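Shared chain: chain A. Partners: chain B in the first complex, chain C in the second.
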Partner chain A sequence: MNPALTILMMDAPYEQARTATAFRLLDAALRRGFSLKVFAYEGAVSLPLTLQKPHANAVHGRTLEEEAHPTPPVWVSALMQSARERDLEFEWVNCGLCVDERGATEVVAGAKRGSPADFWRMAGESVNTLVIPTR
Partner chain B sequence: MQRYLLIESRDPFESRSFARRCELAAALAGEGAEVTVFLVENGVLAARETARVREIEHLGSLGVRVLADEFALRERGIPTAQLARAVRAAPLDALVTALGKGAKAMWN
Partner chain C sequence: MRVLQIIEPAHRATLEEQDDTVLWFTRAIRAAGAEADVLFVGSAVSYAARGQDATGFEVGAWKQRHPPALEHEIAKLIESGARVSVLREDLIERGLDPEAMLPNVGTTSARQLGALLGQYDRVWKW
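For the complex of A and B:
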């Protein structure tokens, strides 16, 4: 079994550079053969929300296709696919209370609902844990 | 040997917490730990030689490894030739490697 890393994320999408850095870190870990366990807390539970829609850019005169605006649920699904292709585990758990507060229930396939107890379990099953706190 | 990985994302000119984190790195190194400071996002603004961030030079003199995210450097137009002597550009892979080796990691 491949070693696993646990990453806790807290920031909502479109707000902090650390969201992009965290996704880059997840991608790098998969490429290096680590299974991943992600616990999304607070605003981060909106990352896998499928209701997000890409948009055109009227200011720059670009169509939806030309703008190719990336949305976080696409990244989450792509990371899950990347893990499957490498025969690695990828677990994504959203904090249930945080989901209820935000109504963020429509999430990508594979993202589960859980509680901070899952974060404790994940940390115990991993070789290391990184908490990426909000500001 | 105890290993620590301090990930610094804050602009050193925006927040005093950058200097505090460097103090922590220096203290840990002083106790014999192997310490890596990994600069990401606006934290890489401290990596420029012309920024003259004293804390970075001090860490270098203590043997603390100071790495700067290559991607964040490129985003901000900072060529590796302009890095302070104590800083080395590195991919995020280096961070993954340190985590895999069990370094205690803290993100600021």
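For the complex of A and C:
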């Protein structure tokens, strides 16, 4: 069985550099053979929200297709696919109360609803855990 | 597995959440069996000061009925068996008296920090 890492994310998307960095870490961990467990707390529950829409960008002078605007739910799905291709486990749990606060209920297939007890379980099942809080 | 939760930012969404989100999280994982303690550093050392009052938040006709009660939340955390401490240098830097903290909140110095961290299997910095 492959070793697992747990990462807690807390930032909402489109606000800072930590989100992209966290996804880079997740991608690198999968490429190196780690299963992943992600606990999304507070604003991070919006990361797998499927209602996010890419947009054209008039300032860039690009159409919707040309702009190819990145959206985090696509990244979440891409990580899930990458894990499947490598026969690794990938678990994404959204804090349920945080989901309710934000109405962030429409999420990518495979993202689950849970509580801090899930985070504690994930940490116990992992060789290490990284917490990435908001600042 | 023993865990130390180091909390640095203070009053991050405390009015909206009616609590500090990391204190709340710590109480939740302790209820799930975690041996989690707390160390306040930076601006969060103010959480350990006595006499905090977050009442009075009003927006138009709306008035907050249950403001955050951090003294109470910290007391409940300690009641559950958690060790709660603050970094002495960060208290002094902010003009807070290390002798006037909430009951049962300890202080630790920067020089003792290494030994403190060594007591834990995981250290999570928030």
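Throughout what follows, the second predicted complex is superposed on the first by the 135 of 135 C-alpha atoms of A that agree within 3 Å, B and C clash if a C-alpha of one lies under 4 Å from a C-alpha of the other, contacts with A are read in each partner's own complex, and residues count from 1 in each chain.
Convention: contacts are C-beta pairs under 8 Å (C-beta built on N, C-alpha and C of every residue); 3 or more make two chains touch, one makes a residue touch a chain.
Not measured: the values here are computed from a predicted model.
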item: Room on chain A for both chain B and chain C (clash or fit); value: fit
item: Touched partner set for A:Leu5, first chain B, second chain C, both or neither; value: first
item: Touching partner for A:Ala117 - first (chain B), second (chain C), both, neither; value: second
item: Following superposition on chain A: angle at chain A, chain B versus chain C, Cα, nearest 10°; value: 60
item: First (chain B), second (chain C), both or neither touched by A:His69; value: neither
item: Chain B versus chain C as contact partner of A:Arg102, first or second or both or neither; value: neither
item: Partner chain in contact with A:Pro133 - chain B first, chain C second, else both or neither; value: both
item: Touched partner set for A:Ala17, first chain B, second chain C, both or neither; value: first
item: Which of chain B and chain C A:Arg32 touches, first, second, both or neither; value: first
item: Per-pair minimum CA distance [chain C against chain B, superposed on A] in Å; value: 5
item: Contact residues common to both interfaces of chain A (with chain B and with chain C); value: 128-129, 131, 133
item: Contacting residues of chain A [partner chain B, same complex]; value: 3, 5, 17-18, 21, 24-25, 28-29, 31-32, 34, 127-133
item: In the complex with chain C, residue positions of chain A that touch it; value: 8, 41-42, 115-117, 119-121, 123-124, 128-129, 131, 133-135
item: Residue numbers on chain C that touch chain A, as the complex places them; value: 1, 3, 9, 12-13, 21-22, 25, 28-29, 31-34, 122, 124-126
item: Of all residues in chain B, those that touch chain A in their complex; value: 7, 9, 40-42, 69, 71-72, 91-93, 95-97, 99-100, 102-103, 105, 107
